[in-house]
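Look at the two complexes coming up: chain A is in both, with chain B in one and chain C in the other.
Right after this comes the complex of A and B.
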């Protein structure tokens, strides 16, 4: 395969054909922030935080998935790019509880995001807590909809397809099919989704409840009770 | 000689009562023992006068509308009786075969809709009698490369709204490696107030098939999908009938007209998602996935349906092709402007005297279309603005009515050509509320994949709601402008990239209205309650429900 020559922030660089702008930029030690991108998954290009300016393009391009072309001229940190990143991080911050996502918080601070612009009492997306299995909890109030869990569950790792995307627009969310409890789904509890979650929406159950002040004995008791109730011999 | 009575029975005609009119006419024919045939046709475009009835006796044609079952005997009396009892001359739309005495129809230039309302769309014979499939026969005598050159020379540009040169698109698909190649007709018409595709399919389905067949021959495609929204049941039925008839006739299937070309059609009904009009989302929907867009490049021409080269064009684009082959590219190019040839259909609706489907040459000034064809604002009101291209388009004020309808000219104003929706409003509409309507639509139709569209459009709606309730500050307006930029530049697909257009154009041309809401807490059009209302952030709560709850 032949190589591709392009310019990133004025620096001429040669990379193998088929590389993404992100890969090319990282070779030059350029830091492009990413949120939904995971090196082992197909880039869904949906968080848009990695957008860069490609000369003569109508709109900004996501660096994680845009393939380099000969003669391409890319600006990774222009004023337009910075404004867009600030706006995007503001949107995320105003819609999702980012308290368990220190990386994204750091980006938001770095780009000067002011979610307060959306008003003093921002209403974030609120979902019930799903504590329906012994292994992990699902707290979608913290879900940034990066899809990594769906990719891990599906075609990028596990091929289990227990969770998928549901709903539209602002109400779009991750769910099991027909929203059944996880034990009734095809989930095999491989844990790949928990591993991939960048914002603490998926967490080992023990970790979650310990964080919420439950001690280990209490936690074990609760689980036993729950298990008995489930199997129908509560007495 | 037998007389012919045509009744426009497309969805629009049927909604106005065409079925009852047809029943009344057939009863009259029976009772009076008339030598007359009823022909169910498509729509002539004059939707404001539906149900339309055209009576053809001895080469004389009179078009009537609106005709109710009660008016049927009186209309028939004009031709087959003597009495004048209660007939009103204002029921007559036109007395001429070419409709040159009715400005709404006379000012139009009909290419793609030339047979709509004239032929019986259920009848292949009617289409054949009017030159049907002659263009395909002609095309098969050329080489595929020659066809692409013809389309290039005709200056035909994609009628879905973006205006990409069709000949170039076909050439890329032709050259792309991979087999089989697919060709898709995008008939997922979702803009509020748009009905161009529906009218064309219901009025003349074979023209679309013929255009696609010629395209398939030029690009070497062997399979074609018609992606039609399920809300168009009549159009879907018409296409199924047309495909069956065309297959029996030998223009679809194996060894078409002895040329060795093979082609088959599939119909895919869209399940009602607006975003599936976006080409990558449309292809995912056909493949059986959730209808959500993916990044371009790679473009469908090279990496489309199931990873194979795929050409996607709009209904109108394909429907223009037979005329280009028959009349030559020079003729087609001469109808339009130097940059784009041919005609464009528009669904003219809203606060306008004569609503309906209008086909006009590209380059016609907006004023001519809205005032001379459409008759201007409804009586007693003042024309205020026109929204072109639905929720992705822009809103133009009266001062810009001399803009020519062309891709570049419209783009320069901030609006877009769009797929053909043209919603006019008068002075009773508040422009902030109008923009809010479109944002309410796009945020609801967003697939929720990328952040700027999922969160941004909801935030824009919230800000507009805040303004219409008199609770916004100047800072909010500035914030809204910067948010518009982020959504436009950052969104993954066309839906998000164009979603801010209604806000950007109304802000550009009607800033004083926004400011009246913000500074004076007053809605100049008197539409917005300005009462503060419920806390607007309530809109931001997400809902989640199980299938069982939805059914309960």
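Right after this comes the complex of A and C.
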């Protein structure tokens, strides 16, 4: 494969064909913030926080998935890029509970995001807490729709396809098919989605109980009751 | 978010894949587990067992004090204990009882009246110490572990054909091949993380899988070809593939000429195995057999992966030979992306075998019959048993009944769940004079014990496991053992010291290890393939044995230039039907195996939250067969063989082939091994778990509930 020559922030660089702008930039130690992107997963290009300015392009390009081209001139931190990132992080912070996502909070601070300027009446994403299985808790109020869990469940790891997107627009969310409880879905509880979750929306049940200072003996008792319900005892 | 205090990197205690686990600790509590995305084994993925299944270590039923039976048990009237039948004892008292009883047995009946079951879940160091105690102090080779019940057929066949019984390549080597035969393996449930790599290799890298399995296992969804043979017909099926490869001259003649022997005799024997003959016996269309043979033989790199569906037969050794022949014919061995790969079940079944938990071999597969080997170990330890093979797991259980083995040591195993024909095994164990069990929980076997020694869990001790890739990996202590539990190797060393004194051994075999790293060092001095493996190196490296010296980087694949036995050997085969075939009174073939959520005898996983996901035993039955019972999905049925019967729920599913039913073996209340036959392979002594004849009748809910709740709760 041949190499590609491009300019990033005025710096000439040569990278292998097929590389993304993000990969090229990271080789030059350029810090581009990423939220939904994870090197282990197929870039979904959803959060747009990694956008950069490509000269002569109409719109900003997601660095995580845009493939480099010969002669490309890229600005990773221009005023337009900064404004876009600020807006995106502001909207995210105004709608989603980011309390378990310190990295994203740090980005929001760094770009001067002011979620409060949308006012107190702004609609926030709210979902019931799903505690329907013994292994992990789903708190979609904290979900930033980064898509990693869906990919871990699907073609990036498990090929189980227990979860996918439901709803549209602001109400889009991750759910099981027909919103059935996890034990009725195809979920095999591998927890690869939980490990991938960047914002604490998916959390091992044990970790959740420990964080909330709850009594683990009580957790054992609850689990035992659930086990009985599931088994022939209740039938 | 609360602060995570500490992260400890260790190795998963469940299956042979051996994924790296990072334990996130809050004090003495593991809050959750992750695995690095750049880990060479896990590649960032875990299954439910590694991710959540370790919470058994906190279960309230775990035993944390040594226990002794209040009432002395006599041979013939030995009874399973209820909770009240035990009393708590000090370590000193418990260890003294064990040492005294073993010393008495040795003095009265000789060393061969004792036997030990080592443990494929324990570390290399635990197993090395335990077999050393029985060889060096007691002087017997009656040492075995559950590998006898899983891969003995593969081990014997590989030893005879090539001279080394481990996987020749790695699980992740699937990416380097273009065609792989996967047979007798429900990979997605039994080796989930290798299965993820298989899936990825198929979907993203164009690898073609040939799945050969009587059940419609999940991997069939990813197969280029699925050969659904009748259980127990592997020899004709794979021999017919060999026949096609020879007939169509798809073999690697250069490889056969330069690296194998006995080809002519084999080629003659294989003539009768035409695809048509194999179709009659196995039910697989001849056309598919031919396709599979061509696909595998013409691959650039062809690999074979197999699991327990191959060895767990009375002709398990022959089944494994039939697979080995395919690799030898085509030269698909000795390169990356090829090889003969028996996927090992337990986290450390490879390591326990390497560490000498075997009746026929000292550590490192050095034969007990070789006088030079015996001399070498005697020189090191001061004592060694005479050059005679010890009893295997299955033979030991028979010897209890016959009264020839009087005192039994069990570390972490549960033979009363894992032996075939359990009713017979229960009767046999009653004849023991003394039984000591060392475990986390009082399982079905430990209920018969005189003394129970509480051992530390995998998170509470240091050590190494050797995974199915021959990769030696560290197990690290996350926190101190709970209660009075102690690491297995420490318990063993204590007993060995006392035994040595009681038996008046002139020279100590040495038991004053300060740390398991010293045990591994001793093992390295005695086992050439472990010579270059040290704890210091394991901090940085993930070594695959053989590692002959400190400079060696390990060996990702074996047999590049030569085989350990020189030339690999072909063995002419004949087809032997399995011992028990379905007939008019027992019309179904029963096959047994695992489910994703449980581990073997269930001692650990049935005490974890995993039990929620799979709380009940079931029998899988094909929709076409259900009206013959008759039964509906979820309805209670009674499954009976000539040896016993169990009541459990029917699961009507296409996963089962017509005429073949499947029962997982994890559930004490409906133990599959009540049904299985105790016929064994004459060479490997492995029982025929994978086929026996059963009948199925409708049962009532009342009968089903009578078996519940768990046996363990009934003890209270």
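Convention: the second predicted complex is superposed on the first by the 226 of 235 C-alpha atoms of A that agree within 3 Å, B and C clash if a C-alpha of one lies under 4 Å from a C-alpha of the other, contacts with A are read in each partner's own complex, and residues count from 1 in each chain.
Keep in mind that, in the parts below, a residue touches a chain if its C-beta (ideal position, glycine included) is under 8 Å from a C-beta of that chain, and two chains touch if they have at least 3 such contacts.
From a predicted model like this one, the values you see are computed outputs, not experimental measurements.
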*asked:* What does the overlay on chain A give for chain B and chain C, a clash or a fit?
replied: fit
*Return first, second, both or neither, reflecting whether A:135 touches chain B, chain C, both chains, or no partner chain.*
second
*Thinking of the overlay built on chain A, is A:105 touched by chain B (first), by chain C (second), by both, or by neither?*
neither
_Vertex chain A, arms to chain B and chain C (CA centres, degrees, nearest 10)_ = 120
*Is A:23 touching the first partner chain B, the second partner chain C, both, or neither of them?*
neither
*asked:* Contacts for A:189 in the overlay, against chain B (first) and chain C (second): which applies, first, second, both or neither?
replied: second
*asked:* With both complexes overlaid on chain A, does A:75 touch chain B (first), chain C (second), both or neither?
replied: neither
_Which superposed partner A:165 touches (first chain B, second chain C, both, neither)_ = first
*Look at A:220 in the shared chain and tell me whether it touches chain B only, chain C only, both, or neither; answer first, second, both or neither.*
second
*Please state the minimum Cα-Cα separation between chain B and chain C in the superposed model, rounded to the nearest whole Å.*
14
*Go through chain A and flag every residue that touches chain B in one model and chain C in the other.*
none
*asked:* Under the stated contact criterion, what part of chain C meets chain A in this complex?
replied: 1-2, 24, 26, 29-35, 37, 44-48, 51-52, 55, 58-60, 192, 196, 199-200, 203, 222, 596, 609, 611-613, 615-616, 649, 701, 704-705, 708-709
*Using the touch rule from the top, collect the residues of chain B that touch chain A in their complex.*
273, 290, 292, 294-295, 297, 443-452, 454-459, 462, 475, 479, 482-483, 485-486, 488-492, 497, 537-538, 540-548
*Could you please specify the touching residues of chain A with respect to chain B in the complex?*
44-49, 51, 58-60, 62, 65-67, 80, 83-84, 87-88, 91-92, 94-95, 117-119, 121-128, 140, 144-145, 164-165, 167-173, 175, 178-180
_Help me check something: in the complex, which residues belonging to chain A touch chain C?_
39-40, 99-100, 102, 133-136, 152, 155, 157-159, 183, 188-192, 194-195, 200, 203-204, 206-207, 210-211, 216-217, 220, 223, 226-228, 230-233, 235
